[in-house]
Amino acid sequence: MLSTSHDRNAVPSTGPFGYSLPLSPSGQASMLTPPPWHFSGEVIMVEYRVDPAAAARFLPPGLTLGADPGAAAAVFAEWQWCSASGEELAEPASNQFAEFLVLIGCEREGVPVARCPYAWVDQVVPLVRGWVQGMPKQFGVVHQSRATAVGRGGPRLAPGGRFHGSLSVNGRRAVEAAVTLNGRTDAKPFLHTVPLAHTLVFPDWASTGAGRPTLVASEVTDVEFSDVWKGEAELRFLDVLGEDFAELFPVETGDGYVFSYSETLCGGRIL
Amino acid sequence: MLSTSHDRNAVPSTGPFGYSLPLSPSGQASMLTPPPWHFSGEVIMVEYRVDPAAAARFLPPGLTLGADPGAAAAVFAEWQWCSASGEELAEPASNQFAEFLVLIGCEREGVPVARCPYAWVDQVVPLVRGWVQGMPKQFGVVHQSRATAVGRGGPRLAPGGRFHGSLSVNGRRAVEAAVTLNGRTDAKPFLHTVPLAHTLVFPDWASTGAGRPTLVASEVTDVEFSDVWKGEAELRFLDVLGEDFAELFPVETGDGYVFSYSETLCGGRIL
Amino acid sequence: MLSTSHDRNAVPSTGPFGYSLPLSPSGQASMLTPPPWHFSGEVIMVEYRVDPAAAARFLPPGLTLGADPGAAAAVFAEWQWCSASGEELAEPASNQFAEFLVLIGCEREGVPVARCPYAWVDQVVPLVRGWVQGMPKQFGVVHQSRATAVGRGGPRLAPGGRFHGSLSVNGRRAVEAAVTLNGRTDAKPFLHTVPLAHTLVFPDWASTGAGRPTLVASEVTDVEFSDVWKGEAELRFLDVLGEDFAELFPVETGDGYVFSYSETLCGGRIL
Amino acid sequence: MLSTSHDRNAVPSTGPFGYSLPLSPSGQASMLTPPPWHFSGEVIMVEYRVDPAAAARFLPPGLTLGADPGAAAAVFAEWQWCSASGEELAEPASNQFAEFLVLIGCEREGVPVARCPYAWVDQVVPLVRGWVQGMPKQFGVVHQSRATAVGRGGPRLAPGGRFHGSLSVNGRRAVEAAVTLNGRTDAKPFLHTVPLAHTLVFPDWASTGAGRPTLVASEVTDVEFSDVWKGEAELRFLDVLGEDFAELFPVETGDGYVFSYSETLCGGRIL
């Protein structure tokens, strides 16, 4: 059982308790554990460019396009995660998920940040945890090649290694990408190094005034990159997700990257 | 495309827009449509009794056990749904879901209501829509027998017809139920006729003071029952979901019911 | 436990036993039960026409196009099934599956039959059982509207009722169909009333000479149709399944049907 | 498109063609490609012991318990695969699968081999391909920890690294295992180094005499092991899969191993 007690992080202050729904006598039924959450992931990332005017239409008040208007990235990742106790590590059936997200380069008061207009994951706990942070995660089927050390069934982390990623939503293929490695690079892909600026917002069911949109960033520690491999990228968005998503289709495809990445997500702060 | 425009129900008031995340220039990328939502479902329901002291530990301030302490129900349902426009009806891949929930009989200021301490669904949109209402939906695999008119592959809505339901969570069987029909009844199963009293609560990511727990009820119209079939019930909870859930194990199993049910969910109000 | 014993239908004659793999000491580990298998299903069916020359290329020696060359049908069905013992009825998590199949009208020695060049199901047991019969079932995600008696969440079996079906394969939408009901009909859809002529064939792994293609038909009893509803149909095949499948795209769409259907499958015979 | 032509490996000799069902004009609709198949996998393996008398009941004529009666292994693996053309590498949505299998140590004419009485995979193509080889693959949900190079979300390939595996079948947890690494070893886990002896058998649908059980082995080339890590193992079988499977429950748990492994599967031969 998770060690969350109702003495810490508990909402509400009288029973039943829980960091999130479901509330229960001990608070341990909560679907979400409180942060910190530790993440380790394998990433396939493609830099690309969108129409700057379209990018601007996805930015809320307080964010501007900044120095490199139209910079964007498509990111595939397979994650494993655990809470402070590490207990989730014993359940690979629920502590793994795959994710695809789009990032748009922008600025907050002159500081480079990234905006995530769309994200898809294949597990529910990270999806709801995303909404807690203001990250607009939806449900999708995400697959990506895994680096292998032996045999011909998968790609190597070596020049010529070819990594693929795909996203399907509601039974329709939406995104396909491939990266063919050239070699290691010292430069990290920029949009994976800046804070994400999310909008906390949630439907106000009973007109209590809750859920007014608030610009926030996540507090992240223990960021670690493995060696970063760089290469030629291909990126294809298919027209199955509506007109808004289509505004962010690539007008140009840049470099591709393959690397491992880890971070600890500790909480949020108002931007 | 869904017809939601940013003139109605839109949050926030300047772009990007959306009833929910993801926000987008037109508001149409929103994962959730605004209410009303129309539901049509096939229900297998088993009345049972829990330890009243355990039931009380699941009730928030403002709810009391009422006249029939320990009354509970286990409800399996297969739903189809659509929004006001009805457009979702064209996509059976996403407008259907299965649900299992537990109900506890209780009272709000002397008025009978039901509390739902646990619920599981097999699709993400109804899960998040549940959290919007304060309904603690988690992800589960729910299956139930479907009434058939021909052949031997399924049960009939007739005396002797035998209907089964099951819930699995994270690859573990958690609940099994069966109802063997005796005949039609004029009496609707009580806990399916009273309002649900939920607690609106959501993790307060950036310490903005949002998400203080609020007791709410849903505003429901156009309730319709088909003929209600009643019979002998079996109900088995397996010990795979932790100690809190185990507090609600049946101490006695009552009648079983099979029926169709529909409602329109229009919004929420503070209780 | 299933009641299959190694005294009946058992292959091989000395242990371990089983109607199919896996073999085990009692024979009860067999993934498949021996026939008879009882099926009850809800069907949405669209008659259409293909290029007769293309249809002919899908027919093996012994089958000819017959009196109505180019007649075809697209069939969506949600099935429940059980073996002779009926024990599977207690497990709705495994005795239900959805299916989409294509039928081509043809003849065997002057007798009308149907050929199924493609079929998809969403469960493994019916998939392998299909291969036992020579039915080329693959894995797909199949969804269809369910008739409802109450509310606005689904269609009615009544004039104007609109039923949808969809098939996705490997995360790509492949087929979409809709039927809008006009009224009941006395005429059953022809291709659902004739025997299916399959080719028994299986890769010959160890060059034992097994698996030579054999034209067979299934022995079916206890066929039952509910009332058959007829209406206007729409049918769309998307180009995601390769050139062979594309040969069978509709050149004309005919009538649509919605009905319940049951049969018992008893075994196979050489045609 | 796959490059399989009807000039090679095609069954039958006149159209429609295909290495397997579905048959089609070009043969390219075949669900299975012909061998060779290249596999690269990440393996978590636990050696254990079963009751030798139970093991013997799972052996067909021609196999004997051999020098180490009761030797067994539980193997979790995540695979990527491709055919000769390598085209499947571009589709991670379909060229990856997870597998759990049980191995029993035995002998064929004095030569050590392994018998696989049970196997589960989470994709249909490898399942049917297993039946082509006589490998009794069923459908299960298999998860295992993935080695990570950064962060706290997963285990390291290092002393103390802890790897977990689980199998669920029909929504019921069936097997759980864990391995805590001590260090590298030069000794490969024995049952992963010997040939598998399968029984080719398939239900004889039309009483053609096909499908007589035949003892076969697979022809494998290009076997490669990464470094092999060894450690303390835990292994738990839960009683949800029937009496035959329960005969193979561990009476003693041995060492655990974590390693990468690759092979090319070229065909089968009669033993």
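In order of appearance the chains are A, B, C and D, and numbering begins at 1 in each one.
As a working rule, a contact is a pair of C-beta atoms (placed from the backbone, for glycine too) under 8 Å apart; a residue touches a chain by one contact, two chains touch by 3 or more.
For reference, the UniProt names are A, B, C, D = Enduracididine biosynthesis enzyme MppR.
Nothing here was measured: the structure is a model prediction, and the numbers come from that model.
Rotation angle relating chain A to chain D: 180°, from a CA superposition, given to the nearest 5. Interface comparison, B-D versus A-B: the higher count of C-beta contacts falls to A-B. Taking the mean of the C-alpha atoms as each chain's centre, chain A and chain D sit 34 Å apart.
Note on chain placement: the centre of chain A and the centre of chain B lie 30 Å apart, centres being C-alpha means. Centres computed as Cα averages put chain B at a distance of 41 Å from chain D. Counting partners per residue, chain C has 91, 93, 141, 166, 168, 171 as the residues that reach two or more other chains.
Contact residues on chain B toward chain A in their complex (touch as defined above): 1, 11-12, 14-16, 18-26, 28-29, 31-32, 34, 54, 57-61, 91, 93-94, 117-119, 123-125, 127-128, 131-139, 170-171, 199-206, 208, 210-214, 216, 242-245, 247, 267-270. Of all residues in chain C, those touching chain A in their complex are 141, 166, 168, 171-173, 240. Contacts from chain A toward chain D in the complex involve residues 38-41, 78-82, 86, 89-93, 95-96, 141, 143-146, 148-155, 162, 164-166, 168, 178, 222, 224-226, 260-264.
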